[in-house]
Every structure is written in structure tokens, then in C-alpha cells.
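Below: a set of structures, written as C-alpha cells.
What follows is subunit A paired twice: with subunit B in the first complex and subunit C in the second.
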Partner chain A sequence: MKGNRLIKVDYLARVEGEGSLYVKIKDNKVEDVKFKIFEPPRFFEAFLRGREYKEAPDISARICGICPIAYQMSAVTAMEQAFGMKVDGQLRALRRLIYCGEWIESHALHVYMLHAPDFLGYEDAIQLAKDYPDAVQRGLRLKKVGNDLMTIVGGREIHPINVRVGGFYKTPDKAKFKAITEELKWARDAAVETVKFVATLKFPDFERDYEFVALRHPSEYPLFEGHLVSNKGLDIEIKDYEQHFAEEHAKHSHALHSVLKARGAYFVGPLARYSLNYDRLTPLAQKCAKEAGLGKTCNNPFKSIIVRSVETVWACEEALRIIKEYERPDKPYVEANPRAAVGCGCSEAPRGICYHRYRLDDKGIILDAKIVPPTSQNQKTIEADLAEFVPQHLKLSDEKLTWQCEQAVRNYDPCISCATHFLKLHIERE
Partner chain B sequence: MPEGGESDVNKRSLALIIGVGNEYRRDDGAGPEVARRIDKLNLPQVRVLLHSGEGASLLEHFHEADLVIIIDAAQSESSPGAVHFFDAGNSPIPSAFFNYSTHAFSVAEAVELGRALGKLPTRLLVYGIEGTDFSAGIGLTEAVQVSVDTVVERITNDLKQMGSSHCS
Partner chain C sequence: MPTNAKPKLAVWKFASCDGCQLSLLDCEDELLAVAGAVEIANFPEATRALSKGPYDLSLVEGSITTSHDAERIQKVRKMSKYLITIGACATAGGIQALRNFANVTDFINYVYASPQYIETLHKSTPIGYHVFVDFELRGCPINKMQLVEVLSAFLNGRKPNTPAYGVCVECKLKGTPCVMVAQGTPCMGPVTHAGCGAICPSFDRGCYGCFGPKETANTISLSEQFHKSGVTDEQLIRAYRSFNACSDTFRKEGDAHERQ
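This part shows the complex of A and B:
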């Protein structure tokens, strides 16, 4: 029957993990949208039970090879809150530095390799590279700068081994940063070029009234401290997260759906961070955003590619600032004194907030753990985007509509392995 | 033997052997096992590297030697232990052989991206060993173990021939 369609993409590419998308259209109306995550559950929260507090950063980092620092930072800050520790000065600055490394590598990968092909009509980055070799090489080199930063501070680029509760196992010598400083200056300029490059892309005219949720720090663009705030009035301490957010089981997903108890679906990630923290960006990052046509907030998820690029400018500048002011601290870490307590931590993974909560006994053994990664929090919003996007674009052929639905999912840079927890796409028109 | 990411362009060698895979996922450890065995032979001007297979980082190693040989586990519905060989300079690598992740790049994508960017080494050879068991744990299945011997021997012969032609 005309007006009824089923469009399917069994394995959506360029996302991390295994999942699918199903869109059923009946009488030109979207009847059903399911962002299905079928990657098997990974049981990390159960693995953590019975382990020592000091193992949490390295065990939880194994959840993701793209954003291990997010897990490490959420874990260490949770433990430190439990034990009443304060980590500041150069140790805190080094944490921000390694996190900047992760943002640079993750954003560069997504902007150039995963998302740009969607906008320019290429199947993948290999095809893109044939026509845009300079852009792709810029992306690869940017990614490498981020990875190199992670290696200097963290010991290696994937699953760094130097982060511990209280600080680091070993702090880098100042001389270690000499070579990368010039490369970071190149990266900052390349990130500015990246914003200009992505600003020329064509964006679907699509905006929604989202509830953005992100960390907000009194003076800095947020990484692992601050209040959890939203544009609809939420303003809470990290420790109160579970009073306001709940996880629900959805039959079609191996990842729990997160909701705000009061209002349902919400949005985490670059758009939320930017819209809630524009005033905390550096003047150069703000200038780049303005020249790219962004306002102080952005409600078009397709423009997340611009926001990621702006955040990359910020991360390069922040990294340069930290390195310039770096003095090797006397001791690489603050000693932990375990006690029976519950500790909560939250940090801004490249894809959005990553919440950890641990209950510990008096020896610092983990009694139970809760980890809420960003992709699980965005699942409902991804489905809601598609439910609204598809009816506005029913004139498109199945092929084109499928392409744009996949693109809409990739707006969120979903990391399904983190959430379970990939992507098959089914659009059904009956 | 360094793990991937620790590139050192100053140590430019005649040949670079890259074992790709995760030794904690049984047959996925075939590449690292071949690399380790070749490393023990201490062949002159041959450098050996273990690598996760993350494509963007793998690509960075292509300029470090004239001859680069990559060994990875493959999953292509061939018989267990089957040895696949690609001279990547001559033909594209089918991505189905070395599927790694839908997010990060695999070996095949790294090679094809390198080709698109004109960044392939003078010679790039890729060996794939068909695995059957990719579950969590260590140790290779028997068929893969036998093929590891075969691939080590083939690569050693390749290197010896190349070494003698280089010295002459």
C-alpha cells in the first residue's frame, strides 16, 4: 500500500558496537522506531564486585577503546569522593590534559572518518580520502596528536595504564612535553581549519526542543567536576544523580534506557555541553563557533559535527595551557585511606556524561557498582529524533531516507559497546 | 617487542613485521604469535611490532620500512587454519577478512585508506590465518597453530630472499 514502507539497514556502519535500527511507516506516519542494541551484555558492573577500589579505573576502562579516560576519570573521582580525598594542582591539571587527548582523538575520528562521509555523500572515509586527501590526512594527524598526549600522560594510547585513584603512578617529566607542544600548536590551527571545513557542509533543517544535560563547572569548560545541569532547570550535585535519573529496561535493547524521572528523554554530549557551557569556551573556540554560524546554543543534532570541531579547538588550547604551566609535582598521587562509603563520579566522555557509583567496605572492596555510559542515556533521544525526522522526509527514496536516518544516528557518535552494550537499520513502510 | 603506538621513525628498518590481534581472544592471537616467533629469530634489519589492529594507528607505521608484512586472524568461512595471502600493492584487501570493529578501522580499511592517500610502503604483504575460536581466553586452536608454523616459515623465506637480494 502506498504510504506504507519498511526500510531496513541490518548493520549500520561507522558506529561502535552491534545494533540495528527499525523504522515502520504506515499511511505516511511513523508507527514505530526502535534503536535496537543486540550486542550481548558485558557484565562490567558484576566484574567489579569484590575487586579492590584501586582496580576500578583499569577494569572499567576496558569498556571502551575510544574513551577509556572517561571511565578512568569517573571511577577515580567516585573513589576519591568516597574516601574524602582532594586531588588538585598539577595532578588535577594532568587529568585534564589526558582527557583533552581523548577528546581530540575521539572527535577527530568521528568528524573526519565516521561523520563527514555522510554529509559529502561517500560510503566511507576511504572513498572520501580519494577526493579529499588533505582533509582526511588532517583528521588522521589530529587524531594522532590526541593519542600521543594520552601516551605521554597515560603510558599508552588505548587503555592507558598510568591513571590511579589519587593521581598517577608516575608523572611525566616536563621535557616530555617539548616535542608535542609544536604538534599541538599545529593541531589547534588544524582544528580551526576543521571548523571551517565542516561549516561548509549542508545540514538538514531539523531542530528539537531538547533537554540538554551536562556538567557545569564554576569557571572551566567541564571535564570531570561541577554540577549536573540542564536547560530545563536541573541543577544537582553529582552524588544526587540517581535521585533524578532512572534506568529502564526496553525489550528491544540490551542497553538500559536512561530517563530523567521528571521529564523522560534527555540529551548528553557535545551539543548539550556546548549549549550549557558556551561561556566557558576560550575566545578562539567561541570565535570559530560564531564564524561557523553557530549561536550560543545549538538544537540541530546534525550540527554536532561543528560542535565537535569547536570542542577540538578548545581541547587543543586547554592542552597547550596546561603544558605551559606544568611543573612536575613532588608526589605522583595523593594517598587513599579506604573507608566504608558510597562514592559517585561523573565525567564528560566525548559522547556525553559517564556516571559511576561504587559502594565500598572499610577495606575499599567494591560491594556493588553502577555505570551509566553516555550512549545508553541518548537512546531515547535518538529514537525520538527519528520519529520526528522521518515524517518530515517521507518524499525521499528509501535509499536516501535510510542514508539520512543512519546519519541522524551518527549525530550521537553512539558507542554501543559502551552502552552494553551497533547498528542494523530497518525502515518499514507498510 | 613494542606494542602498537610506539612508532620510532628513527629505527627505520628494511622490513617491519606487524602481528595484529588480541591474544586473549584465542585464535585472534595468531598474528601476535607469528610476530613473536619471527622476533626470536633476530633477523637483521627486521623489526617486529605487536598491534591492536586499530587502522588509523596502523597506517602510521607504513612509512617505517620498505617492506611491511601484516599478520592477522581472518574470519571468512574458509576451512580452519586456511592461510590467506594478499600482496596489497597489487590488489585491494577484502574487508570481510579482517573485520575488527564497525567504529574503528580494520586492517583492510587501513590498507585501503593508505592506498587512497598514496601512503603504502614499497611492498605490503598481508597474511590472514583463518580462525575458528574467538572466545575469551588464551591459546590457539590446533589448526591455527599448524598454520602459524607455515606462515612463520613463509615470511622467514620472504625475508631471507629479500635480504640476499638487498646485499647483492
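This part shows the complex of A and C:
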């Protein structure tokens, strides 16, 4: 094998959005790695200015069709912080419920349709379905349960219409959850089967000393509340995010790279959440993780497929708990009283934390907006993973190395549409 | 369509949120059947496998916002027997067409620290501004059952059954009481294209027009009604300038109130 190679993927598949990968190898050393985002910019933060606070959840949801609830929850919690509102009780529980729906849907999509084919050597889930029909059918049905949950609470699965600042437009009647309860019990068992299925896959021996960043709540597995914490000593309130994190603009990307001012690259998403919140998982989710060979932390990004499956078990259980305890509240929302203020919100999108900040005038018109999606926060870590992964696997043919590099990027379930508000693989061996 | 080989389906993405193409993957019950009826020849969100054109049916998501994409859509058209746009971005420019009402340079400077790295057009335009479109499927996002209907129709050589009447008709069919009459809630249903199944009014919320204008929409009359219920001109302009801001009907009505 010659020492100089160029590996490139011009249009990375099985990710959400448009991006490419470029790895340049000279004298068997990685000289350059670029994970490029060429998804055209859409300027959400610019056109949110002048819009009313009420519109932010619906408009920002359009950044991403895969995780609209993440945007809606970050937006509403930011507005509520600005206006000094507290949304609790059953309204808060319903918010967690619809978010569980998004996690189940997004995780099932990624585990079965986007990531599993890499491990088993298939181009896609439809090819996979020919040899593993039961697994793919299970994945599709699991995904559907997540979508159904979002539809019951939110009106539809993509860009739900029922989330508003203060709560919901209309709360569901308890009877609406009757049919889905049985399906969720099936989903919980299917998620347990999923953990067993993905635990049998072959994982590259690859671990790095990451700085994991996730929300941490005093008693719950985090969704949209808590402190932002890391395994390297970060422990801050959401409102202090911008004091500790900065965005850099790299020439090769339409997405801003996010860094920790003190320490640089960091890692958000399932591995970070799991490693920082293992003790907040349900006993069943912990048992599944243990049986799949995971410890209380996980530093192998390829094993994110197991962690996603464990989180799916958790999300099904959490949804069942919420539905069991649900009583329809008297009023579907808490009234908002706009005032001139700044509000910050942060929530755990399936692929990691999503931060929003809005500055509002006394009528609730948005003067400034800042949105930091999960994928832009992981970009630097993805590039660093590749820089370390490639030299360990130079014996592979270009074709195999390219595929494994793609897989290494898909570990992060990158959502490029989000990140530009990102993927081509390009490995160059000179 | 040739009967001896499976028709080739391609899915293309331009500036968008990926939600409309996700609708295809969201057809959990129908996906494997669809995959059995067609050859999925280009669908990067779902597969690494690519096969070369020409394609029998191209689904196009997203709007044109870069000169590169303006060239790419021409190539897609040339390679496609039928081209169907899916969603508000491809059909009406999407929410990113709000730049059309502002100065895009200001937008770039606002969002990016190094504006010189950003290449973008001044306007976000629908696919129909650039190439001939065989069928436009509305919605932000599209309704997945309508997508299955459109695929089925084109594969079988018939016209898709996607009514062009307003959301009001869907409310009547569903038995949802009118939120404007019963609750005084401003609702864009009277001027908005059907297809969603009138979701918002069934959640005690006024329609916000995400399927764009219906045929022969009387926006002037609706605006008068909105004024009577206390909606300001600023709010009215924002209502028309959202996910289908660049559709002729909504753009003209929004502009008319700005001039006043």
C-alpha cells in the first residue's frame, strides 16, 4: 500500500443533510481531515428577528425535520425563562412525553436504518431487510410507536403543531393514550431486543478521552432541564452557556464549530448523556446496558448504537410512566406576559444538546436570536476521531477505509440540516 | 412506465430541513412495499447505493439558494422523466425565502463571523422558477399519505387525488367546529390548501398556512376578518410571510399590507 492517499466522499449518505468528508494521508500520516458541511445556509437566526415570541417554536422547528421537538422545547423554555414563567405538573410531563416520542422515533431510525447497515455490511436498511426481515420490521414498528406518540400529543410527527410557550394549545384526553399504551409495552420489549441485537455487532477497538457535555437533572434522565455538566469539571446553569462555549467559523464549513473556551472540542449526544447520567436511567435500562457489556461510561463512539438502544428502552419506560400518571390538566397552557428580557433554553435533542437564546422587547418581539444545534458542537470531535481512527486502519483498502470513515461520522447521527442553519467524505492519500 | 423493469425513483435535496424526505421513511407500514415496487436509485438520506440516471420519477425537496444548486436542478430535470416537488421549500421557497424580503448581506453578516466564506443567492426560489415541474405536493411538512398517493398515481399513470380546496372543507369533513366562529381565533384555513387533515383547528388553534394558498384564495376578505378580530397589520404580514412566503398569493397579500 502506497503511503500517500486521498480518501473522499463527496456526498455522505445515511445522514440528515448535505456534507462531505476529506482525509489526506501523506507518508502514512494523516495530514488533513475536513468534515465539510455544504448544506446551504438558511439564516434562521437572522429572520427570527422581528417575529413574535409565539412563532419561535414553529419557525425554529423548521431547522430540522428529524428533531423538531428539540427546537420547540429549547425555544419555549427560553421564552419562559425570559418571561419568568413556570410550567410544571402534567404540562411538564406532557412535554417529556412528546420528547420521548421524538427520541424513540429518531433513535429507531438511526439504529436500524442509518447505522446498523454499516456494521453488517449493507448499503441500506432495505437491503438489510432481505436478510434480517424481523430486525428491520421491528425497527420500523418501533419507529412508528415514537411517531404515533408525537402525533397524539403534537398533532403530527414532523413539525408538530401543538407545542406553545406556556404548554400546549390543547391537552389530550386520557382516553387517547389507551391504544398506544399496549403498543408502548411492545416497544419497550422491542427496545430490549434491540439492545441484545446491536450488542452482537462487531465494534472497532477505538476509545478516546472525550469531554462529554450533557444536561444533568437532580432526579431524572435529562430532557430539557438541569445543569450543563461535563466529566472534566464543567457544572453551569443553562443561562451561562455562552460564557463557557464559543462558536468558530471555519472556511470549509457552512456550520459554525462550537468549542469549550477553556478546553476546545467536546462531545454531545447519547454517549455523553449516558456517561454523565447513568445513575438516572431506569433499572431495566441499566440492566440492558450491563448485559450488552457497557460500563457506567462508554468512550467508544461506535458503541453509540448500543447506547441509543438503551436510551430507547428508557424512553419507552418513561413514556409508560407518564401515561400511567396522566390526568388532564384544567388549562392547556400557562399565560405568557411578555416583557423586555433575555431568555435561554437548552434541551437534549436525540443527537445532543440544542441551545437557544432570545432577546425580546416588551411586546415579545424577538430582537436577537442565537441557536446552537448539536451537530455543530460535535464537528470538531468528529474530525478529531477521524484523525485518530485513520492511522490505525491504513492497512484497509481505500474502499473499506472510506466506508469505515463514513461509519465513524455516522456514530454521531449528524444532522447536517441542523448544523447549517453538513456531509461529503473525501480521503486523500498522496 | 416500463412494465418490464421496476421504475427508478430518485430523491433530491436542496435547501430544506429534510422533513419531507423523512416522510418517505416515516411510511413505516408502506416503506418495504414501496421499496418492492420501485428501484430506489438515489436516496442519500437512506442509502449509500447510487445508480445512474435517467430516473423515471424524481422527488425534489428544498429550494434553490445557491448558484451551484441552480445548475444542479437543471441536471436533475434532464435526468428525470417526471419531477415532483415535495413540500413548501420546493414549491414556494420555504421559510428561508424570508430573505427575499430583506438584504441577504445583512443576514450573512448577522449569522456568520466570516461572511466571505459564505456563498449564497440573494433569493430563495421554488423549483418551479427554474425548471418544469410535473406535480407539486404541498405542505410544511407534506402529508405522508398524500406522498404515497402521489407515488402510486405516477407509477400507475393516473392523476393524483390531492384536492385543491381549502382547509375549511377538511374541518367540515372532520366535524371540527370553526375556531374563528366559535372561539374568535384567527385562522388561515379559509385561504390555505387542504392536505394536512385540518390538524390545527382540531387542537383549538388557528391554521397557520403551512400548506400554502388554495386555488382562488380570497385573502382580501380574510385579512378584513382578521382586522375585525383585532389582528394588527404587522401580525397579518407575519401570518402571510411564513413557510410559503414566496407563493404568489401570500406574497402579494403580505406586500399589500406593508404598503398601507
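Here, the second predicted complex is superposed on the first by the 427 of 430 C-alpha atoms of A that agree within 3 Å, B and C clash if a C-alpha of one lies under 4 Å from a C-alpha of the other, contacts with A are read in each partner's own complex, and residues count from 1 in each chain.
Basically, a residue touches a chain if its C-beta (ideal position, glycine included) is under 8 Å from a C-beta of that chain, and two chains touch if they have at least 3 such contacts.
As the structure is a prediction and not an experimental result, all values here were calculated from the model.
> Fit or clash for subunit B plus subunit C once both are placed on subunit A?
In the superposition, subunit B runs into subunit C.
> Just to be sure I read the superposition right, which of the two partners does A:321 touch: subunit B = first, subunit C = second, or both, or neither?
Touch partners of A:321: none, neither subunit B nor subunit C.
> Is A:359 touching the first partner subunit B, the second partner subunit C, both, or neither of them?
The answer is neither, since A:359 touches no partner chain.
> Looking at the overlay, does A:287 come into contact with subunit B only (first), subunit C only (second), both, or neither?
It touches nothing on subunit B or subunit C.
> For A:109, using the defined touch cut-off, is the partner it touches subunit B, subunit C, both, or neither? Pick first, second, both or neither.
Both partners, subunit B and subunit C.
> Which partner does A:239 contact after superposing on A: first (subunit B), second (subunit C), both, neither?
neither
> Which partner does A:26 contact after superposing on A: first (subunit B), second (subunit C), both, neither?
In the superposition, A:26 touches no partner, neither subunit B nor subunit C.
> Which chain, subunit B or subunit C, is in touch with more residues of subunit A?
Partner with more touched residues of subunit A: C.
> Going by the contact definition given at the top, which residues of subunit A touch subunit B in one complex and subunit C in the other?
Residues 11-18, 65-66, 109, 113-114, 124-127, 129, 136-137, 140, 143-144, 147, 156-158, 415, 417, which sit in both footprints.
> Once bound in the complex, which stretches of subunit A touch subunit C?
Within the complex, subunit A touches subunit C at residues 11-18, 39-47, 49, 51-52, 55, 58-59, 62-66, 68, 109, 113-114, 123-127, 129, 136-137, 140-141, 143-144, 147, 155-159, 161-162, 168-170, 247-251, 254, 256, 332, 403, 406, 415, 417, 421.
> What residues on subunit A touch subunit B, complex-wise?
11-18, 65-66, 109, 113-114, 124-127, 129-130, 133, 136-137, 140, 143-144, 147, 151, 156-158, 415, 417, 422-423
> Would you mind writing out the residues of subunit B in touch with subunit A in their complex?
Answer in residue numbers: 3, 5-6, 52, 54, 56-57, 59-60, 101-105, 109, 112-113, 116-118.
> What does subunit C use to touch subunit A in their complex?
The touching residues are 13-20, 22-23, 25-26, 28-29, 31-32, 35, 40, 44-49, 65-66, 69, 94-96, 98-99, 102, 104, 106-108, 110-114, 117-118, 120, 124, 140-141, 196, 199-200, 202-205, 208, 210, 235, 238, 242-243.
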